[in-house]
Each structure stands twice: as structure tokens, then as C-alpha cells.
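What follows is a set of structures for review.
Here subunit A shows up in two complexes: once beside subunit B, once beside subunit C.
And now, the complex of A and B:
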């Protein structure tokens, strides 16, 4: 495979404990993959390795045919990789819009030098439904807006691969509805965008992603089309079993 | 009447905000550039007027205060943008001052000597900054502590350059544009205030433009900076270099004002004062840096004439503590927050009567 993302035998160890153990999966170009798993199963660790913040002990990450091993974290945005954080990483003294614009500083080198005006920070904030907070500080905006601002910032570099770490965590039911609408809005405007969505809300993931990968204690226990994976017994036991108790035997 | 007002409030609540709220502007020190420039100008004019009207001895103290303010302004970038503590403010002043004297003594044109000394200081600051990029917060204070502590001893040791214990003198014949730059002259006062205002205006501009934004991302959301392509190392080195440059400028001016410099002028405490002067007034306020300079330059001297010398340190500490408790970000922010409330209060009083 030449486009999209390919992860091969990725192993990440923290003081002797494997947070990721020989994980392999791939995401085709334009595919939205949901990465799910219980708390501490290694989802954020996976995103940190993919974005270069962590250096894996073994394995490789290949994006659009390029091995990212030697690419520093801050240079990966130029390869078209962009991400958000589980806990919003926004500069407290910058407005929401200024924070969003930070993402526009380093567009991928392959991108056209001047992006269309329709992809301005203000425009993305409007599409994501939080333009009224553009001139607010993060601390003055609801948590949901802060999380969407992270998404908008990640989109400013016109990425080909977007990694979202639990965008719905901490959001109210209403904000979740807005988030799903916003993500669908992204898909409408960026049909070729490849997405890796880490999320606990399986319903939300299933409504957006055509493929799933399931981590449990650092191991990949299932990977494939969403419906197939959700029907998988091992997945039910390891993860979904804790949620849908109706078929669990006492 | 009430209904009208309600409709208005609702309207304004729905309309998207066009700029930072007063509260946000005060707490971040950002935005409102024209108003901030005006405040800077007003405070600078007040300092000038006070200096002109004062006896030469007091004017001399005011001149030194403004020189400290320049160093504080630089140091504030490190504290206010990166949230890092830098105790090398005195070191950079010493470098600028000694460099200026030494290059002049080597027969260099004094103006060129001044520029060279500042560039040298900037370079040294960049080198000092490199190890600090691996540290954060208070640990940078420890890293610069040793350096600040070593300066007086080093100045004595490097006798050939610094003149050792006896010190060395600034060039006597330096009179750019016919200005008499020494001691407590009006020219000296005007020069230091103008330089402060220019550097203050430049700081304000940079803080509100792209460089400030980038530095704030590194200081407040470093991970996001990394993943959006910002090199935190480069940014930190640049900010420290900026601080060093202003310290170097302050050092050159200090040498001119004092005329004769020796190791006692650059004790370890100078670096502490430059840091504390920024904290008292608020590291993100430009006019606050001037206020901080006046605190550092005038207060200990003035206090010593009222209370025993040993007590000045305690009073200084108490003021620092009050400043920290008052606003968290210093007196300048506290005043900035209070000012709109005061005007609102006055407006209501007027409307009521």
C-alpha cells in the first residue's frame, strides 16, 4: 500500500511494561478508522508514537509511503500529519482563533502555497459551530469549544492524516451531537482525509467510522470493518462486555 | 427604559465579540495596543517630569531606575512568555557594561564599542539559553544562579579586562548627537527614557504579533507547539537572546551613567532585583517594567533614609508579597483590572446625580 497509514509491529515500553505490543494495522487513504479500547489500553500512546512525541522501541510507521522513523515530531506536520490531544493543549493567553491559527504556520510542503480562503481559521470555527468564541480565551469558552478549537487547529495545516484523541470525552450530550455534525462537516469538505479517531463512545465511533481497531492492554485484538469487529466475541469480552451487560453471564 | 436595556444586553450577548474582553486583556496583557502605548507614554512623561524637577541626586537614581527597567523589560519576556525564571539579568548588564568599557579602551569608536558589547551580550545569552531549553520553570533559575553568583568574583579574576577590584571607566569623550551622556544630566535622563519607550513599544508590537504568539504557544502549550511545527528550542533561545540584548543595552547605559564600573555594581542581588522588579509590576506589562525599575532603583535608597538598612530587605519582601497576592500577575495587571471598574463607578455616580 502506498497511501494512507501503515503501522507495523509497533512496540512501546514504559519502564519494562509494554504499553503497545507488536501492534500492526493500516488505514487506507480517505478511510475513517476508530481506535477503541478500555482505559489504559494504549490508545493515546499509539497517537503519541504516530505523531512522533514518543519514540517506539520497535516497529515502524509508514505514511503515504514515507517511513516516519527519522522524521521529528515537529516536522511531521509537513508530511501531512496533524493531531489533537485528549486534554486540550491550548495556549491560555491566546484567543480561540489565535490558537487555531497556530496550526496554519507550517502547512505540508506539498500543499499549494496559498490555501483557499474558504479554509481560514474563522471559516473552520464557523463550520464547527463555535465562531462566536473566536475572540474568547480558552478559559472563557465551554469545554466542548476548546476541544473543537483543537480540531480546527489540526485542520489548518490541511492534513492528509488526522489523529483525534477522544474529542467527545467530557462533552455534554448536546455537545456530542454538535461534534458529530462537525466531523461530518469535515468529511464533506475533505473527502480524502484519512482519520484515526480514538474514542470511548462506541456509538459515536460506529456512526462515523467504517473500520475499527481494538486495543486491549497494548495488544491489537481486532481490526476490520466496523460491524464485523463489533460482533467479535473477543472484543465483546475485552471491551464492550463491560458496557453492554445484557449478554454477560453473571 | 428597563426593557430597552434588556434588549440591548441580549443583543450584545448574541453578537460575536470583536476583540478581547477588558478582563481577558488585563489577565493576558494582550490586545489594546494603542491604549497600552498611551499608558506607556504617559508614565514615561511622568518619569521624565519627575526626574527633571528633582535634585541631581534623585535624578541620578531615576536614571539608574530606568536603566534597570530596560533590563527588567528584557527579563520579563523570559518570565512572561516562557514562564521561566532568569537570574542572569545582572550578568548581561555586567557584560554590556564591561564590554563597552573594554572595547572603547582598545581604541574602538565608542558607538561601535556599544553595539559590539550589546551583540556580544546577546551571543552569550544565546549560549546560556541552550542548556535551559532542557529545563523548565524554576530550574532555569538554578541554572542561572551560579552564573549570577560568580560574576563579581569573575570580574576580579579577569583583571586585564575588567580592571579587577579597582574597576574600569567608561569613555569620557562619548557624546553622540552632542548629548552629554553621564551622571545625572538631563540628556542622560532623556536618552534612557526614550530608549526605554522605543524598546517598550517594540516589545508591545512583538508580543501582539506572530513572535509573541509563537512564544506563548511554547510557554503555555509546548506539546501543541511541537505538533504544529514549532521548535521550542529555537523559540526559547530567541527569547533569552532578546532578554540578553536588552540587558546588554542596560549595561552600556549603566556604564555611561555611572562612569566608572567595578565588581560591586554587579552583585548577585542585581539579577534577583531584575527578576523581582518584573514580578512586582507584572511581567507582561511594559509600563509595569518601568514601575519595577523605579521600585528597584528608588525604593531601597529611599527606604534607607527612613528605616535601618537591615529592614529595607524585609520591606522589599513584604511589598513583593503584597504584589503577588494582589493580582498574581503583579501590580500593573491589578491596576489594569481596577481601572475599568473605577471609571464605571464614576460614570454611574455621574449618571445617578
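And now, the complex of A and C:
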């Protein structure tokens, strides 16, 4: 049985336009992969397909050996898939800690006894460095804390695959440093966690991910070890929108 | 002074019952996002079945258990079979369906048991003790203790239990609830079941005072509705504070102004709160991303 995630020939069409065209890549168990690309390249569409919000026109998503095609979005968390959103989707009337606790609410109590103290919502907030806002409402917490709270909530379901949709978007430089520290803390505590990180900040992605996949206009143009992909000329052209200075030199 | 004390003490006693009626409405609002207008009729069915059990020789304990059990099951059936499925068409059709359910239940009760008021047993008719010059009966004491226990239990349930927190989340951010796999329909059903049992408990307090008819609990639910508008639709604590305030205000108005002006004063207070704080004194203002 293949562990991790395998995406095969995925095609997603909106009004006749291919947002994703026969995209294939895989993420091994415990690997952190950065999914990068310019605006409109299909990154968020890919996350929405992986999490079941969009139904692809063709192709398959296989996770830990299970084809997810017939699994609805709300049930994918039971398969071990959890995600965050570019704009945090927190319940406004619940405190930060209560929001985090909702991450473990997908299973009936009998099936899922309360998590051990080491994996409780309060503990995840402490690890991610935002426990001081545990009793605050999301509207009372900084944006960076709201984003980390959503990550903590996703971790409460004990996922084997975590999808992060632009976790650094809208954060200050200081908050980005805190985010990187928090994500490294997650890797320390969950070394087997497979992660797909969609992000514009290539430097941030490169500091965290050992592999990259690059989308451009819905097509996968590169996939492999981070440094190899970043050195790829096609990636430089597509992602930066210009030829490298090396090519430009006569 | 005696009149003032009596008005306040008895206002608190009856206000807690108002608060309890409001709490049942809050439970459904917190999970489903609308008000049920059928809770009084659901309680009435439980009370009539309970009264039949009492007349058949069952003691008060068996009667009370029967009332709560029937109300609980009926609340779950109404929610699970009618209103929750209707939510896919929006909150308004679901809320309107509760009016329809209430009218149907009331109509059936009128045909089967009749609309004449009848006596309903109370836990005890004995006087307990005097408090601030007011003689309180054991029924009052039991009612207040039970209400206090229910409010503490509801507070703990919604604040500390995983199910209670998830129930609040379901209505607050439906999209997030779905992506997190929260079993929203099951949790909403739990809300209806809890609200049904609260209606039964409320009926046990109301029926001995107002006597039992198909509309007796509904008569009191008007005050419960007023309590949650003033306290805040999503606040159990708000229902408690507003319910007691309404009870005291009603009694003071009745004692010092004119009993006929009680409804006028209450609705005026409600309108005033709506104008100043549309989400109620303890309700949360909803934030909308633009």
C-alpha cells in the first residue's frame, strides 16, 4: 500500500478552462512538499480538489492507498486529511481554544475519547506559541494567532496529511518568523505528518519543505527536491515572469 | 415595604421559570440558528400524557418522568423529521414549520383532550418557609433548585463539553463545521432533544400554576421569548438574567402601576433593548467579513 499522497492525472475545469491539466505528483509519508506557482496557477484549486470541495473532471487522489474520489469533503477528515484556509475559518463566537477543540469533534465521543493532555488543544496552542490568546475571541486576537489557531485545530484531528493554504499571507515579518517556528515545532512533535504547503513566500517554503511542486497555468512544470526545482530554468521563467540574469547576459 | 419585598421575591421565583422557558429556545437557536415556536405544544403533549399517568395511579415522580420523557422524544421527532431536514431550504422555512407543527399539535389536543383547563399536580403543596416576608412553598424551592441545576448544567455543557462546543460551532461557521467533519445534523438533533426535555421540565412548573390546557405553556413562552430578546438569542446566561428581570419588572408593574400594563411594559422594554442593543444585553454581535 502506498503511503502518503498520490495525485494522478488530475484535471479540473471551470467553464471550459482547465484550472488543472493532468497534474500528477506524489508526497511520501512524512514529507513536507511546497506547492508554489504564480497567482492563478491552480494552487488553491489543487487544495480544494484534494480536500474534496471541488470534484475533478478527471484523475484521482489516492491517500494512504485509498482512492478519495467517492469520499465527500466532510468525511475526508476521517481518512486523516485536514486543512486550513487562506482566510481563517474560525467560529466568531467561540474562543480560540474552543475553536481548536472543534477540530476533534468529527468523531462521536465513544469512538474518540478526549485526546491525551500532550495533544490537547491547550497544549497545541502552547506549542504554536499562542496560548496567551486561548480564552480570547478570534476578533480579539492578532491575525497571525488566528491563522495558527486554525493550524492547531487541524492538528486536533490527528491528521496524517495536512494541507496549509497560504499560512503566511497577510502576516507581518515578525508573524512569519513565528509561523516558521511553529511549523518546525509541529514537525518535531509529529515527524510522520505529511504536509502540503501552498505559499507565495518561496523563501519560507524552501526553509520548511524538502520537496517542491510548481504549477503554472494549471500545469505541473517541475517537481522534486527543493534546491533542484528552485534551480530549474523553467521554474524561474514561469514563477518570476522573466528570464534569469544568467540567460539575459549576452 | 412588604409589597415591595413580595414583588421582588415572587418576581425572582417566576422570573426563573421565564428564564427556563427562554433557555429551551436558546438551545435550538445556538445549534440551528432560529427559534422554535412549537416548544409549548411539545410540552403540552408531555403534560397530558403525564396527567394520564397520574390519574392512572402513578405518583408525582412517575408523572414528572413521563412528561419529560414524552417531551424529549417528541422534541427529537419534530426536529429530526421536520425542521432539520427543512433547513436545506433556509432558516425561515424551518422556523415557520415550527409554527405549523405547534398549530397541528394544538389542534389535535383540542380535538382529543379538549381545551378546558384542568388541575395538574405539583411536587408539593406544603409551605416551606418565609423569606423576606413572603411564604415560599416547596414547589417554589424545588423549581428554583432544579432551574439552577439546569442553568449550571447547560453552562457547563456549552462551555466545557466537546459536544456542546461543537454545537455552538455548527451554527456559527457552517462551512468550517463541514470541512472539519462535524456531524452537524446529529448535533442539531441533540439540540432539539435537549430543548424538548427542557420544555417538559418547564411544563411541570407551569401547569400547576396556570392549570393545564393545550395553550398554558405557550402563554408562558411569550415571556421566555421576551427574555431571550432582551438577554440575547445565543446566551443562556442572558436568558437567566433577563428572565429574572422580567419577572421582577412584571410584579413591580402589577403592584405599583396597573396589572393590565404588564404586557405593555414588557414589550416596551423589549423594543427599547432592540433599539439600543439589537443582539440583546448579553448577545454577541456577529462579525461579517467584507
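Criterion: the second predicted complex is superposed on the first by the 229 of 250 C-alpha atoms of A that agree within 3 Å, B and C clash if a C-alpha of one lies under 4 Å from a C-alpha of the other, contacts with A are read in each partner's own complex, and residues count from 1 in each chain.
Please note the rule applied: a residue touches a chain if its C-beta (ideal position, glycine included) is under 8 Å from a C-beta of that chain, and two chains touch if they have at least 3 such contacts.
Treat the numbers as computed from the prediction; the structure is a model and nothing was measured.
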Inquiry  = Taking subunit A as the common reference, can subunit B and subunit C both be placed on it without clashing, or not? Answer clash or fit.
reply    = clash
Message = For A:93, using the defined touch cut-off, is the partner it touches subunit B, subunit C, both, or neither? Pick first, second, both or neither.
response = both
Ask   = If you stack the two complexes on chain A, which partner ends up touching A:192: first (subunit B), second (subunit C), both, or neither?
value = neither
Task = Determine, under the contact definition given at the top, whether A:39 touches first (subunit B), second (subunit C), both, or neither.
result = neither
Request  = Using the touch definition from the top, say if A:134 reaches subunit B (first), subunit C (second), both or neither.
outcome  = first
Ask   = Which of the two partners, first being subunit B and second being subunit C, lies in contact with A:77: first, second, both, or neither?
value = both
Message = Going by the contact rule set out at the top, does A:15 touch subunit B (first), subunit C (second), both, or neither?
response = neither
Key: Selected from 3-11, 147-155, 309-317 or 327-335: the stretch of subunit B that, after superposition, runs into subunit C   = 327-335
Request  = Please identify the positions on subunit A that touch both subunit B and subunit C, taking each partner from its own complex.
outcome  = 51, 53, 73-78, 82-83, 89-94, 98-99, 101-103, 105-106, 153, 157
Inquiry  = Show me the residue ranges of subunit A that touch subunit B in the complex, using the header's touch definition.
reply    = 51, 53, 73-78, 82-83, 85, 89-95, 98-99, 101-103, 105-106, 131-132, 134-137, 140, 150, 153, 157
Ask   = Taking the complex as given, what residues does subunit C use to touch subunit A?
value = 162-163, 165-166, 168-169, 172-173, 175-183, 234, 284, 286-287, 289
Message = Applying the document's contact rule, which stretches of subunit A touch subunit C when the two form their complex?
response = 51, 53, 73-78, 82-83, 87, 89-94, 98-99, 101-106, 108-109, 114, 139, 153, 157
Query = Of all residues in subunit B, which touch subunit A in the complex?
reply = 16-21, 24, 27-30, 213-214, 216-217, 219-221, 223-231
